[in-house]
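First the structure, which I've put down as structure tokens, then a few questions once you've had a look.
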Amino acid sequence: MRKRKELRHTYGFDDVALVPGDVTINPEQTDVSLTIGEHKLELPILASAMDGVVDPKFAVALGKMGGLAVLNLDGVQTRYENPDEVLQAISEASPEKVTSIIQQAYEEPVKEKLVGQRIKAIKDGGVVCAASVTPANTKKMAPIAIEAGLDILVVASTVTTARHISKSYRGLIFSELCEQISVPVIVGNCVSYSAAMELMKTGIAGFLVGVGPGAACTTREVLGVGVPQVSATMDCAAARDDYLDETGKYVTLITDGGLRTGGDICKSFASGADGVMMGSPFARTAEGPGRGCHWGMATPDKNLPRGTRIRVGIGVDLDHLLFGPTSMTDGTENLVGALKTCMGVCGARNIKEMHNTEVVVAMSIKTEGKLWQLAGLH
Amino acid sequence: MRKRKELRHTYGFDDVALVPGDVTINPEQTDVSLTIGEHKLELPILASAMDGVVDPKFAVALGKMGGLAVLNLDGVQTRYENPDEVLQAISEASPEKVTSIIQQAYEEPVKEKLVGQRIKAIKDGGVVCAASVTPANTKKMAPIAIEAGLDILVVASTVTTARHISKSYRGLIFSELCEQISVPVIVGNCVSYSAAMELMKTGIAGFLVGVGPGAACTTREVLGVGVPQVSATMDCAAARDDYLDETGKYVTLITDGGLRTGGDICKSFASGADGVMMGSPFARTAEGPGRGCHWGMATPDKNLPRGTRIRVGIGVDLDHLLFGPTSMTDGTENLVGALKTCMGVCGARNIKEMHNTEVVVAMSIKTEGKLWQLAGLH
Amino acid sequence: MRKRKELRHTYGFDDVALVPGDVTINPEQTDVSLTIGEHKLELPILASAMDGVVDPKFAVALGKMGGLAVLNLDGVQTRYENPDEVLQAISEASPEKVTSIIQQAYEEPVKEKLVGQRIKAIKDGGVVCAASVTPANTKKMAPIAIEAGLDILVVASTVTTARHISKSYRGLIFSELCEQISVPVIVGNCVSYSAAMELMKTGIAGFLVGVGPGAACTTREVLGVGVPQVSATMDCAAARDDYLDETGKYVTLITDGGLRTGGDICKSFASGADGVMMGSPFARTAEGPGRGCHWGMATPDKNLPRGTRIRVGIGVDLDHLLFGPTSMTDGTENLVGALKTCMGVCGARNIKEMHNTEVVVAMSIKTEGKLWQLAGLH
Amino acid sequence: MRKRKELRHTYGFDDVALVPGDVTINPEQTDVSLTIGEHKLELPILASAMDGVVDPKFAVALGKMGGLAVLNLDGVQTRYENPDEVLQAISEASPEKVTSIIQQAYEEPVKEKLVGQRIKAIKDGGVVCAASVTPANTKKMAPIAIEAGLDILVVASTVTTARHISKSYRGLIFSELCEQISVPVIVGNCVSYSAAMELMKTGIAGFLVGVGPGAACTTREVLGVGVPQVSATMDCAAARDDYLDETGKYVTLITDGGLRTGGDICKSFASGADGVMMGSPFARTAEGPGRGCHWGMATPDKNLPRGTRIRVGIGVDLDHLLFGPTSMTDGTENLVGALKTCMGVCGARNIKEMHNTEVVVAMSIKTEGKLWQLAGLH
């Protein structure tokens, strides 16, 4: 008889907890900066390239506070001269009709001149400018965006690998892309050691980790695909560290999707992330373009939409979301304060030291929390 | 002191997730065909031999789209000249009375002439015809069905083994059956390596995997018996592969029961299935005979009914269920599109390559999903 | 640093499932009899010594059907000439007051003459008579009961060990008891290998397994004590088998408490039980004395009641509970039919062969079931 | 490829159960006393230094019954001449406003003369007096409190380590503190073997175990930090035992936070605790100052409050909470009776013997309990 396959166990944010360190540090003396290529960001926090989360105005606001917003060059900002109308329509649609309204809205083609306009609007705000394209339209869009002043290029789809097989078109070769263009390239998303390793070998500056974890994403129900974020981050961080040992090059790992609270952010860094990318928390800010709603890149898919519009409401200023002060005790505000306080109790002076924090599986924490939330008791 | 028994852990669809591959493939270039005996089906999807799921009209419709419906030769179609009346009565019964109404409906004896008529109706539609019998009535029914043009014979009960002990009657000997009849035989259900191995040695063409997992089945509550589908499929797939190594014969493994979404289908193939058999999703189609209801083979049992009528409603055309497009983001529609997209991100060109996809245990995914469903938030 | 303790995992009915066998058997050819001392019972099912479950009338009814009811000699039947009044009062009490009403009802002293009367009433019915006493009143009550015709003596408390330490009184010595009296002695409850082994060495005929699992019991919340029934039964069955190997004596293991469905019964036998003892299912019968209510032995405790009155309603005749036929598909009726059908699919001709059935951990089965029950969808 | 990190599993009260012993003991013959420095307490139960739990009157009441209340010297009792007004305001605040009202209330500075007054009030009651300070104000407050008659000094914050790094001020050196002052010092909180070991080496008399487990605490959501109490207690108990082996000194381990029932208390001692500290259960007493409310030390934090006001209601006299009798069957009353009964069934004559009780993981116990609570069925 064949040996029975042992299935590996994987863990998400709600499955784990962090163990305090043997030394504690004054939170004010922790350093949370993040470097991507030559750009040093004060905060290790990125805003997702989702149309309900980032528009040029939001990108400038977040940039001035030390973070980095990624503009979606394949969304409503580059399809519509005046995207506010369509954003309004999506936010007002009934739950039954919203997916088809979103599907329809994204049938309008992308306009090249709008790509340049949006990039310039961000650069004019005096901040680092990042924008995302899909693998399929990278060759066309990337040069236009760089011409307009783009600082960091993000190439992203649900799952992106260094090798793509297709008979109908020639896939994007990342190693060629990285050689040809002048700005750092971030690629995603991936979740495994081997996929991350292959991507790093193409010369990218960073990569996004996360398939199927976000609130606005139903990839795991539709496709069955997805790895919980703590395990995905740990596996990819192992690849990053091995690649550093082999080559001397440090590639930035950004955990992307599924983060809701300060606790989730802290757990990402303890799992090995250099930065985190979030959608829902930013969609809740007064500065966000989504009018309290957001949805994912795969939602408009004509044949097989994954994810739907999530209504999160408008609950906080961006400034208070990041730095407080707050009266909320559920971890949803003062995210930077939470990270620094956590680093204090874990004895980590910077993000790299935070990677050494012990992570334990603590199932009970999760189930209880979820159940109480459900019962409206927490 | 005796060594304490270590209990083996088993997993179902909601316990696991799939890890994307290191290569991605254009979904349009994936091949999802399934071969049973000399019959090649375009789709690896079978409809369960349940009276709320398959009648001759449905069998023709599914066959024309590339799938295979199995007609129940021990159900209302062969007991009643006009089965629509009894199907109507079952669909209209109150929850309290429905089991006794079903018990009563199945006391009407099976008519041999109806067996031939139903088979012919399917063959006249120009599609491959499969039908199911119980082990006890195989000797009587199989010849009539084959005479009428049956292509594939399914012999099924809750649990079927190659060896059955009874003092009152001589059990069905599968090896004799396979030698005597001219069409491929599929037998089920089983869930363990050893039971699958013994069944394959009798010369069958395929077998059904699954005891106690379906929504319309309560075998696990009534008898305590059942193995979650991912583990059952993996164990039986190990038997199939060992049997292939020993004999050079490839026997088709069909995961049967408990599948609801595209994600469940993808997980079945990643666990080693060659095909999947489903009830509930087809019962929801406009083409299904059950008027939005379905129930299992063990429900009519006079003394110990297992399973009950499940009201699933009528929600989708068969065509959209299989191929989309859809606005649903919960995985319940465009099942073939989901499978092909999943194979794309897992880098599998065909079902056999899909068997190599990594499966991980991801408890959190499940509990969260269930809880949100419960709370009506998803 | 000390080695970290590895905590052993334990499992209950809802955590596990049974794997069908490689052989199947006609259910009618299975033997489910149970032997205690020289008494052979047709059914391996005992009714708990709880006042809402067993009175003399019920004991006769169950005995005639092949099972064995245990009368509580420390309860209302021996405290009150006419126990019906107090049973009525308990069944009618409001949830807030019921525990104090029960506490008060049990302050009435036990009358010795009623002990004899109740035993005789059962013997007059022509069935095997079993009755339970607490360790503290065994010396006083046992002779009276035996004098009146008792066949089997049960000595039970929440936790009973062969060694009890007390400065204020001399504990019951089981080895002396077994030597002095003429009837087989069953002792309980215990849950571990070592405690079971020590009890067996005193010469008892059988023992009860189960601490803290029952619906009417809150020992686990009040004291933190309890072992889930599947693990408790497996551990104690290992002790029974070792004791048999060492001494040639086979001591009967009865899993007591926490069983609700046919599936639970089947899982108990697969875990190694020779018999099962149940409260709630019998309390639901028309023949039960509790008027649809039941409560445990520790409920009347004046200072620290554990467990409370559970209202189960009156839902079924004893005959249908045991043998069907039934229209219920949730496993709560036709318990003997379920056991025989399960033994058929597991290929077990008798209870001893049933001990060899494979048990697997199947968490998903449980959570789903519980959640659907909660949601009222099942 | 790097070896994948194996994440350690950790367990909380609801994840585990206790196994009864092979010997049972008369509960009245168990000894539950606790020694801290030269003070011997009849009960191993402390009340948390929370403003809704302990005021001088409550401290005297609990002391007279054998327990030990810890007064918070950094809370409303030392900030306000008449703390009743502010306690009333907090208890009456709406859920939306309560955190900001608490934040505001704690901006009033601590008055040194009130420190002395409160200590004296407790000493005048004739009981052992314990009070807590934060690491930052220890140097200032400790001498005043000791001068006023303090018996035991508690120095506590969310996470306290022997080494604290700060550029802005010189941290508290515990070894210096222990040498300089005349009373035993208890420090907390910690959760790991190594942190506990470092703290013990400074000469402390005892330490508090628990980060993030309490009902009034949301450290795990805000910071992601926390270890379930059973695992935290076991790890720290291993450190205590190793330290005893190395030095001959026995340091008292007090499990602090997250305990609600008698079962939780019993599990703490089985995990290795010498004493337990509780908030919520005492906040529910008629003697508690919180008017049925309580909140944690980190709730008033101006920028990042963790925890919130929990409304527990007033449900029981302190006397009945500790010693019963009770009609409650959910483990929330007669806590000392539950502990003694549990020690009886576990065969432990004193707390030290209770450390040897076997603890098993029993997930089902927890989920069921939680789900039934949710459903309002328990």
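Just so it is clear, A, B, C and D label the chains in written order, and each chain counts residues from 1 on its own.
As a working rule, a residue touches a chain if its C-beta (ideal position, glycine included) is under 8 Å from a C-beta of that chain, and two chains touch if they have at least 3 such contacts.
All values derive from a computational prediction rather than experimental measurement.
Enquirer: Using the touch definition from the top, list the chains contacting both chain A and chain B.
Expert: For chain A paired with chain B, there are no chains in contact with each.
Enquirer: Since chain C and chain D are copies of the same chain sequence, what is the angle of the rotation superposing the Cα atoms of one on the other, rounded to the nearest 5°?
Expert: 90
Enquirer: At the place where copies chain A and chain D touch, is the share of residue numbers found on both sides over half (same) or under half (different)?
Expert: different
Enquirer: Using Cα averages as centroids, what's the distance between chain A and chain D in whole Å?
Expert: 39
Enquirer: State, to the nearest whole Å, the distance from the C-alpha centre of chain A to the C-alpha centre of chain C.
Expert: Distance between chain centres: 56 Å.
Enquirer: Check each residue of chain A and list the ones that touch at least two other chains.
Expert: In chain A, residues 8, 11, 363, 367, 371, 374 touch at least two other chains, as defined above.
Enquirer: Name, in rising order, each residue of chain B that touches chain C in their complex.
Expert: Against chain C, the touching part of chain B is residues 1-2, 4-5, 7-12, 14-15, 99-100, 103, 158-168, 190-192, 194-195, 198, 211-212, 218, 220-228, 231, 299, 302-308, 363, 366-367, 370-371, 374.
Enquirer: With touch defined as at the start, can you tell me which chain D residues reach chain C in the complex?
Expert: Listed in rising order, the residues are 8, 11, 13, 16-26, 28-29, 193, 234-235, 238-239, 241-242, 261-267, 270, 324-331, 334, 337-338, 341-342, 345-347, 349, 358-365, 367-369, 371, 374-375.
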